[in-house]
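Given below, in the form of structure tokens, are the structures.
Below, chain A partners chain B and then partners chain C, in two separate complexes.
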Partner chain A sequence: MTPLIGAARPRRGERLSNTAFALLLTLPGMALFAAIVCYPLIASLVTGFFEQSLVLPGRSFVGLSNYREALQGDFWPVLRQTAVFTLGATAIPFVLGFALALALNSGIRGSGFLRGLFLFPWVIPGVVVSFLWMWIFNANYGVLNGVLTRLGLIEESVGWLGEPGTAMLAVIVTKSWASFPWIMVMMLAALQTVPRELHEAAAVDGSGAIRRFFTVTWPGVRGVAAIAILLEFIWNFQHFDTIYVLTGGGPAGSTETFAVAVYREAFHGFDLGRATALGGLWMVLLLGLVGLYLRMFERETDR
Partner chain B sequence: MSRFRTRQGLAPGTARPGAGLRRRDTLRLLGLGAMGAAGAGALSACAPSGGSGGGGGDASASTFGFSSWSLNEEASKPVVEAIVADWESAEDVSIDAVSYPYNDYLTQLTLKLRGGQVTGAVQLDIAWLGALAPMGRLLDLSDAAARGGYTEAALTSGQYEGTQYGLPWTTASIGLIANSTLLDAAGITEQPTTIEQFEEALRALKDLEGITPYAAATKVAQLKDIFPWMRTFGSTLVEGDTVTIGDDASVEAVEWYKRLYDDGLIAADVDRFDARALFAQGRVGFYDDAVIGKGATIAQASDPALADAMVPVPRPVLASGDAPQALLWGHVIVVVDGEGSDAATEFALHTTSDTATVADYFERLALPPTTAEGLGDPAVAQDAFTTEWTERITATATPGPFWHLTQNAQIEEVVAQQVQAVLVGGSSARDAMNAAREEITGLMER
Partner chain C sequence: MSAMDTVTPAVRPAKGGPPAPPAPAPVKRRRRADQRRSSVAAWAAVGVIGLFGLLPVYWMLVTALSPDDRAFRFPPDLFPRAVTLEHFRAFAENEALFRYMLNSVVVASITAVLSVVVSAYMGYSFSKFRYRGRTSLMNFVLASQMFPQALLLITLYAVFSEFGLLNTYAALILSFTTFTMPLCVWMLKGIFDTVPDALLEAAAIDGASRWRTLHTIVAPLAAPGMVAAGLFAFVRGWNDFIFALTLADRDTQTLPPGLVNTYIGEFQTSWPALMAASLIVSLPVVIAFTFLQRYLVGGLTAGAVKS
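Moving on to the complex of A and B:
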């Protein structure tokens, strides 16, 4: 067949479509993903069907026994504690971070300096933050008890980390202190995208500060707020270091979240089967949250 | 027309229907990545590592590791570092020292041993031999042990199922240490010998301002200290393969411990290290510790006179005439089969049996040697605190009830968790101990 005159013949290297080329570029990443995420994930899920010790060689198939034991044992209390921690450690830093973002966005003097100052807790490694607060909360020589005693607010030392009620609160406060800065930064960035003219127009129309917040500010930042809350929620749902350092999941398991429970089963109990079964159940819950995040993200990008 | 058009006639970054990846697709992929990460985050830490089963490596290599929690503690670190440095220069070997805090040591060591990341000599608590020996990575040190001149009792502490895996470094017991100055201040003229007298003494100490009468463990890490109290109340804890925790005696012991907690005679949020810190501040009447406690506590005390005030106290008994309960305690050095194991064995032998080395170790840390020669050294034999400790506490000490089991650490944690649940009001002593018995029985059947 005679080639058409003037028709450009594809040269070598130009035969790939954009899709194929993009997929080619992702191949190394996908390979890495398969090696360090997919394989351990699948191997772990499989382990959930075996009785396997971290210490002893060999394993035996036990079917759904590990999952059944997890559901009959630790799952529900751990789910409740994870939910309490996650809700608390998401709500408090969000309220705090958003309030500070509003303050910084209002043009107060020294806002640049304050913005840097407020970021300080965020740049400290999580374990260091945890040790810092562990000393603050220590029942026998902690700063908090010292201050409260001097102020006459308590007569005897309070075991903040040694009592179930206060231990969870202490863990939430610590995590909130570490994570409010990033929410503040996110919300500050969102606030700066709300046109000032809208505020001015609303003010001219006679709207007060609260009404302007709900009719102008909040609609403008709602999407970012939702994503920030959901991301923080997901991270808290998986959070480990603060809880492990401060309480190790105690006292009496009262601060034991999924992350700590799986760690305890695997690396204290050396029971890989039960640990991965519990982890598998935890992962199902996480996937639901991630799915929600994706839906919200897509809705936000469509706006 | 834009001068930035491409050959396809679209500006860079512009999505082309039907070709290439769209933004939405990218977001979906990111979402899938997030899902994967979520799953991996939840599970990948538990993925079987495979580990390396055999020894491997050159046993005659002159470089080996030395894992030790003593290198992580203020009092013992310089002493052990000096032993390592002296041996390196004397024998022309290279020792890679590794350290983890005591409370995380067993977990870290287990993981690394399973992954084949540990070589050379390893310091172990005698309670942990049962957990690590079954992994099949430790050398039989019978030949080296025969050259060490260890006492028979000390050698036993390094054995598991008849094999000499560990060379004994120090052997003593865990008992009570009291601050005699505080006892005097509280009007306690004689050491309490019964539970009743002990409780009276604690109540007298409570009247002193800012004093924790008894810095007993209330954190999980050291709540295994409840075992000697359970035995004091008459529980056997385990008989053969039958767990007896949950019997009347163990329940009574936990109820008593809970009463001390509720009455403020013991404090919340205390482990061994907290207890030492508080004792060093002169704020504790009694606390549980091994004989090492004296050296570790004095190292952080601002008042040097505290050393003279520290006295060993045999654990009070339920009824006069009962034998005081104490838990055997000690360290051994084991050697991992593989790279540098020959040199590591010689290092372990030297560290645990060279008389000058163990005598110096004792003088600086108050840790009794395990060899007949070491015990006969004047520095050891003439030390009043150690002699008193040996005669009054170690004399009646017994091993932990579950030490021989691979699951010892898990069993101790189960009991600790249940006792803690009682202390914070989450469970009754009876229910908690019954739950502990069931869980321990399950663990032992695995």
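Moving on to the complex of A and C:
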């Protein structure tokens, strides 16, 4: 790409230099980012060093005590739950979405139509996804219990969302249902860049399907797969909607992830110091992931 | 629309793969068997994952069409015995839900327009100018959508409250616009990249100013992309939950938190009514995405569309 194109050079009589003009164009957007993202984020992190309530005025400096409290209490169980949720809700959709992409890319009929059809779980609002699965998992009338009972797999109805043993699994399944179509779209696009001739050549040479997958397909889509997995991981790491509606973090805090815990501490517990200290620790972990993503993105795309 | 289509996937029997190029006879036979096997495997994968993907949608539809007394029995009927549209009618007649719907339409529409305008300027700057700090700005835009929203909401709540904007449309529009911008900027930058530099040079030689070039020459060329970006922004605003839940009250809340208020936490949730409402809320998004399908991949790699 040409650096600094001619057309954008200031003509005689235009007062702004090109750089000034370009920066002026970004100004409205940057103002929004500053007001809605940067300032609130920094101010929130500062709040972590204070004792402050959502509903009462005033605050007092308490140093690191919020952080100490978080590290001695909530942080570790919440980290464990966030990790379980994030890993599960990333691995399952990846396997399902990639398998579906491979199937749709194998030349079966109607693959374009099917691709559109399978987008549904992903495009609908997150709260709708939650409502639907709340109903499916319902302890008294839910269709999952109904089917399992009819098949003779369970004798008594299971309260999927109400028991600590199954709630996390239910939340992961729900989020996976909403995410696999996105992975499918990404991987399908990647698979379509792998030249068909390579497959045919490998087949003529006598490679079986599994061997062809590892020698031809996977090297061709590895880069996109890495980006898709990392992005899904980052989103799950801060996912809020599904968990909040399905379980609200319960039962007994067993599905409480960072997003839900921070939100609950602040907007239900009114304890902003505790919420923001926990959020600060969360942010540090997240920043590492985001840095990784930016590096990977720069390598994969040309700008 | 396709929300309805989703119930009965048109599954056709597998036919053979594409014609094989000439090959020595034994290899040819093996390849044909190979292809048949992989076609069977493909349909098996589509079938199994398809059940997981589409049975819940089927269940949403069946429940929405069931009378209450049919939905609340165990074990449930897997095929509808009686069908009613009463829950859809009840949604249309519910004034509180109408208010949420109106709020959603207003907020998401304004978000779409604002986001496209602001993002177009920024995307143009990133696409057609080279300056120090540009890469850092681009990285920042890309990263901003990944900052933890629950954390920054804590201060945002206080800021909006300070300025008297809490529980107003403005609070929602400003937040939605900001979090839609990364996607829109990236999409629009991609579209501006396809506008040839020679065109801009010609405009400059003809005496057009930089503003004029952007507004009268580049913008019309990018119009289809701007419409697509606007649709994405609309969907984003329509689907958002956490901001609308926190920054708005019953008068200004959009449908997602509105539905939670209306149906969840009651002693006995009316599931058929909630499923009908869910289908209604999903419809505009499904329609939008039938137009947006071909724009999906470009925007996705930028890591943008998502709540």
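Rule of thumb we're sticking to: the second predicted complex is superposed on the first by the 279 of 303 C-alpha atoms of A that agree within 3 Å, B and C clash if a C-alpha of one lies under 4 Å from a C-alpha of the other, contacts with A are read in each partner's own complex, and residues count from 1 in each chain.
Operating definition for what follows: contacts are C-beta pairs under 8 Å (C-beta built on N, C-alpha and C of every residue); 3 or more make two chains touch, one makes a residue touch a chain.
Predicted model, so just to flag it, every value in this text is computed and none were measured.
Of the two partner chains placed by the overlay, only chain C lies in contact with A:110; chain B stays clear of it.
In the superposed model, A:270 makes contact with chain B only, not with chain C.
When the two structures are aligned on the shared chain, A:210 is found in touch with neither chain B nor chain C. In the overlay built on the shared chain, the residue A:250 is in contact with chain B alone; chain C does not reach it.
Between chain B and chain C, more residues of chain A are touched by C. By the document's definition of touching, of the two partners only chain C reaches A:227; chain B does not.
In the superposition on chain A, no contact is made by A:151 with either chain B or chain C.
By the touch criterion stated above, A:57 is placed in contact with chain B alone, chain C being left untouched.
Using the contact criterion defined above for the overlaid structures, shared-chain residue A:294 touches chain B and also reaches chain C. Legend: residue contacts after superposition of the two complexes on their common chain; A:44 is shown touching both chain B and chain C. Shared interface residues of chain A (contacting chain B in one complex, chain C in the other): 18-19, 22, 33, 36-37, 39-41, 43-45, 47, 54, 138, 140-141, 157, 234, 238, 258, 262-263, 266-267, 272, 275-276, 279-280, 282-283, 286, 289-290, 293-294, 297, 301.
Note for the complex: chain A touches chain C at residues 2-11, 14, 18-19, 21-23, 25-26, 28-30, 32-33, 35-37, 39-41, 43-45, 47, 54, 96, 99-100, 102-104, 106-110, 113-114, 116-121, 123-128, 131-136, 138, 140-141, 143, 145-147, 149-150, 157, 177, 180-182, 185-186, 189, 200, 203-204, 206, 208-209, 224, 227, 231, 234-235, 238, 240-241, 244-245, 258-260, 262-263, 266-267, 272, 275-276, 279-280, 282-283, 286, 289-290, 293-294, 297, 300-301, 303. By the touch criterion stated above, chain C contacts chain A in their complex at residues 2-3, 5-6, 9-10, 12, 14-15, 17-18, 21, 23, 27, 31, 34, 37-39, 41-43, 45-46, 49-50, 52-54, 56-57, 59-60, 63, 71-76, 78, 117-119, 121-122, 124-126, 128-132, 134-135, 137-144, 146-159, 174-175, 177-179, 181, 185, 197, 199-204, 207, 209-210, 213, 235, 238-239, 241-242, 246, 255-257, 259-260, 263-264, 271, 274-275, 278, 281-282, 285-286, 288-290, 293, 296-297, 300-303, 306-307.
Chain contact summary for the complex, chain B toward chain A: residues 16, 19-21, 23-24, 27-28, 31, 33-48, 53, 107, 110-111, 114, 131-132, 134-136, 212, 218-221, 264, 267-270, 274, 277-278, 281, 283, 406-407, 409-410, 413, 417, 420-421, 423-424, 426-427, 446. Those residues of chain A that touch chain B in the complex are listed here as 17-19, 22, 33, 36-41, 43-45, 47, 51-57, 138-141, 156-157, 159-164, 234, 238, 248, 250-254, 258, 262-263, 266-272, 275-276, 279-280, 282-283, 286-287, 289-291, 293-294, 297-298, 301.
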